[in-house]
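Here chain A shows up in two complexes: once beside chain B, once beside chain C.
Up next is the complex of A and B:
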């Protein structure tokens, strides 16, 4: 009898729990609902479909032969594709590094400014995003060409004797990408700098730390969450960038998104292109996860709590 | 120039955004002294502390620490200890690393560091919390660690910037005693900033009362409370009743007519025979003028209530000669019990007065008619 009653009471508790959950969270659930449906229909379904395609092995006529991991295996057996992956990772790495180095001082400047200056500067920093990326890249294209502005200046200043190759090089793509993603890096880092209590720096100074030492021991570790966010954001966006590598890199800098685009739209190898997309996605996820895990479990893990 | 001076500020002026923050600040702090900068917010007390710490540069004037001019010395070379209102522990470091920070910067060897950290944390009763992060500590514990972090480098001078203001009342009391004990034990020169008069009165050897960027008075807690030198000091510290009145001179005798107070339908005059004892603050003219308008202040604890109907004495003072007392009739408006004492609001004529007393007859309730008495020398008179 006792156990039966217990079971009954347990069931009642479950019901109660569910009813309570519904009561407490229904507003939240209603707020979540539209975006949730939107993402399922327009993100999850296409992604699953592409994954399905990537497992399809077809001939050049587009006829499905069988299902399997053939597309993935083919990727790793052809050096053109693995090299493209390496190029993608390398370019993304340098892009992230360059934008980090450019963004950090700017973020510090923002954090030290008055709210008014901060507002104006933030607007200026994000303003490039208002211009279409194609137009921006075309402008850059004209700067980087052999008789473009940059080469003319460098020759004029006698830094170089003859034009250096900037367009259709990895360097050019890195310049283009860093320039496009700099605002994201700056704002990520600046946000975490804003959260640092200024009295911490005064405490550090009064304990005997020079400004450089205070930066190294206090500001830098406490801004790590912003750095990680910025790095993850810029790296992921660089890994999947299309317009900039296509325009500034061309065939010389075959980055994976450009290659996948080619496979799908020019060569009509839908299934192989789909597999390329998934390899790109997987690589990005793995690298980003390793990076953030390493930083977040490192010496300054307390910062991430 | 004795060597016993820890800090000397000479004629400090500071303007921020066109607004004067500090004007002609002169002060000296002796070695081993506990000095409090007291004043309302915005009076310049924190600015003064920041000038001593080196975070702010005075527009004019000299800062000396141990008789060495430090105007151009950055904070990190001044070798001070400082505790902040917001604790300011490094959130990414454990209690141990927080305290270690200053020692590492001074290149103290590892073993000695360990010993001194333990010592400093034991001193503030935080020896058990070495591996905790600040996030895992309460406000009071954080401030204890912050104190240990400041003390561990054995600074010659400790600066405390409202260290108790973020704590609740009970903890504040506890840490107040703790800080006083530490200061006493270690004999470290301490400059304490607060807006809390109770803290200032209970902790300090000397209090520097500041108001709108100026020093109003420097003195011991007793001096500040009992012999305030200005209207501001009188009104800022402790509670007071403010009345207005008029001076009447008759030969050598002076008296004051207090506006609004009536005694059986007659204005009453308070004799100021003991002129020497009465604190006069004169703005402008040096001597009293007949018919001069004045402000009269009276502390609530200086007013004695006599139960008029029962002719029963409330305090021992009644046995003295009645002529030494100012006496008025009043009606009790409100009786508030505060635990240690009563606060009674009485009305006389059109004037409401606040009275504080430790004992009160149970017959006294709202509406009771009473007599109020006070010693004329307890009146604080400010001429216009």
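Up next is the complex of A and C:
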């Protein structure tokens, strides 16, 4: 008897909870509903749909032949595509490295300067992000051409005697991508530097550490979370960048996004293009995860807690 | 002394890196005043001919019109969907809220190239690819996460007792929203809307998959001109785009702070 009463009460409670929940959150759910449905219909479903398509093998007429991993296998068996993937990874790696090397001193400078200087510098660093990427690429084109700005400076400084070819080379794409994504790296590192307690550096100086030693044992480890965030961001964006490789690399630097664009819009191979999209997403995710796991379990793992 | 020297060296490096960041935008402006038939920096001579030539090219003007039109419509759509969603997230409690918040910003985590491919393939059976409606939907998807973030930030210091007070004083829910909630989140809506406008106006990668030959936006027109031939007209059109961006940057800096736009 007692147990039946118990069950009955439980059921009542459950109903009550549900009614209460509905009363309290229905306005919230109602407000959320339009955006939620919109994202499901026009974002989630398309993303799942191209994943489904990527498992479909079709001929060039668009007729479905069978289902399977054929598209993925084909990618890894043809050197044209694996080379494109390697180029993409290599260019993204150098882009990230160059961004990191340029961003770190700037971030240190920002962290040490007065709020006013910091504000002006931040404004200058962030503003280019609000100018269309094609416009910035046009500026980069003017800087990279044989008689362009970069070559003129290098000749003036006697680093080189004759103009070097930068446009339509991997180096040119690395310059272009690092230029476009440098602000993100600077902001990530600077944010983690702002959060360092100044008394730590004072303590380290009092204990007799040289400025270099303080930097190596205090500032650098504590800025690692910012470095990891910046590296992950810049690397992922470089991996999937289309405009800069297309304009500054052209046919000489066939990166995967350019190849994917070609497959989809020029060759109309939608099932294969869908597989390329997911290979790009998957590769980026795997590399980024390996990198952050390695750093987060390395010597300075305490700073990530 | 050595410390001073270090500080000086750091300042010099920082100045050069900042110059490197802004350089691509700066060089476009003088290049547009060149009197030669090819763009260069530093420019050769001075003339306004490449600005006059914009007027002879109707494709640039109609592309500019399209850009403004779609950016305004996408912003209106995102503001509507995003404000409602942000209000729901900030005010009400429901199961799976953290998941929903990350779902609302999910379009930012997918590369725009992949998003463009997915939408093009998905839209085609519905006859939406290459149509104004399809273009608009794709731009709402890429701007919505930003609007949600701006409004959520704007609501973070929101005092809900003000709404309660208005209700106790007998105001209807609609009236409470219009005369209490809306004025308080208006700065967030304005800055979110402006950022959304610029994001849509500047977009290339998603737009590439959404346009048709007779409906192009300004960045795409510049993009295709750059792929075919580099003429100084690209410099003058780009300068016009920079001018628009600068106006937005000045206003955004005044009302929100540009430095905060991209910080997580």
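The rule we apply is simple: the second predicted complex is superposed on the first by the 255 of 305 C-alpha atoms of A that agree within 3 Å, B and C clash if a C-alpha of one lies under 4 Å from a C-alpha of the other, contacts with A are read in each partner's own complex, and residues count from 1 in each chain.
The definition used in the following text is that a contact is a pair of C-beta atoms (placed from the backbone, for glycine too) under 8 Å apart; a residue touches a chain by one contact, two chains touch by 3 or more.
All of these numbers come straight from a predicted model, not from anything done at the bench.
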| item | value |
| --- | --- |
| Which of chain B and chain C A:42 touches, first, second, both or neither | second |
| Which of chain B and chain C A:179 touches, first, second, both or neither | second |
| Which of chain B and chain C A:283 touches, first, second, both or neither | neither |
| Partner with the higher number of touched chain A residues, chain C or chain B | C |
| Which superposed partner A:58 touches (first chain B, second chain C, both, neither) | neither |
| Which superposed partner A:141 touches (first chain B, second chain C, both, neither) | second |
| Which superposed partner A:203 touches (first chain B, second chain C, both, neither) | first |
| Partner chain(s) touched by A:187 [first = chain B, second = chain C, both, neither] | second |
| Shared chain A surface residues [contacts with chain B and with chain C] | 211 |
| Interfacial residue positions of chain A with respect to chain B in the complex | 197, 199-200, 202-211, 213, 217-218, 221-222, 300, 302-303, 305 |
| Interface residues, chain C side, partner chain A - complex | 3, 6-7, 10-11, 13-14, 17-18, 20-28, 31, 39-41, 80-82, 84-85, 87-89, 91-94, 100, 103-104, 106-107, 110-115, 117-122, 137-138, 140-141, 144, 148, 198, 201-205, 208-209, 219, 222-223, 226-227, 230, 234-235, 238, 241-242, 245-246, 248-249, 252-253, 258-259, 261-264 |
| For the chain B and chain A complex, residues of the former touching the latter | 53, 55, 74-82, 84-86, 88-93, 101-102, 105-106, 133, 135, 146, 149-150, 153, 159 |
| Contact footprint of chain C on chain A as seen in their complex | 21, 24-25, 27-32, 34-36, 38-39, 42-47, 49-50, 53, 102-103, 105-106, 108-110, 112, 119, 121-143, 145, 147-149, 179, 182-184, 186-188, 191, 211, 229, 236-237, 239-243, 246-247, 257, 260-261, 264-265, 270, 273-274, 277, 280-281, 284 |
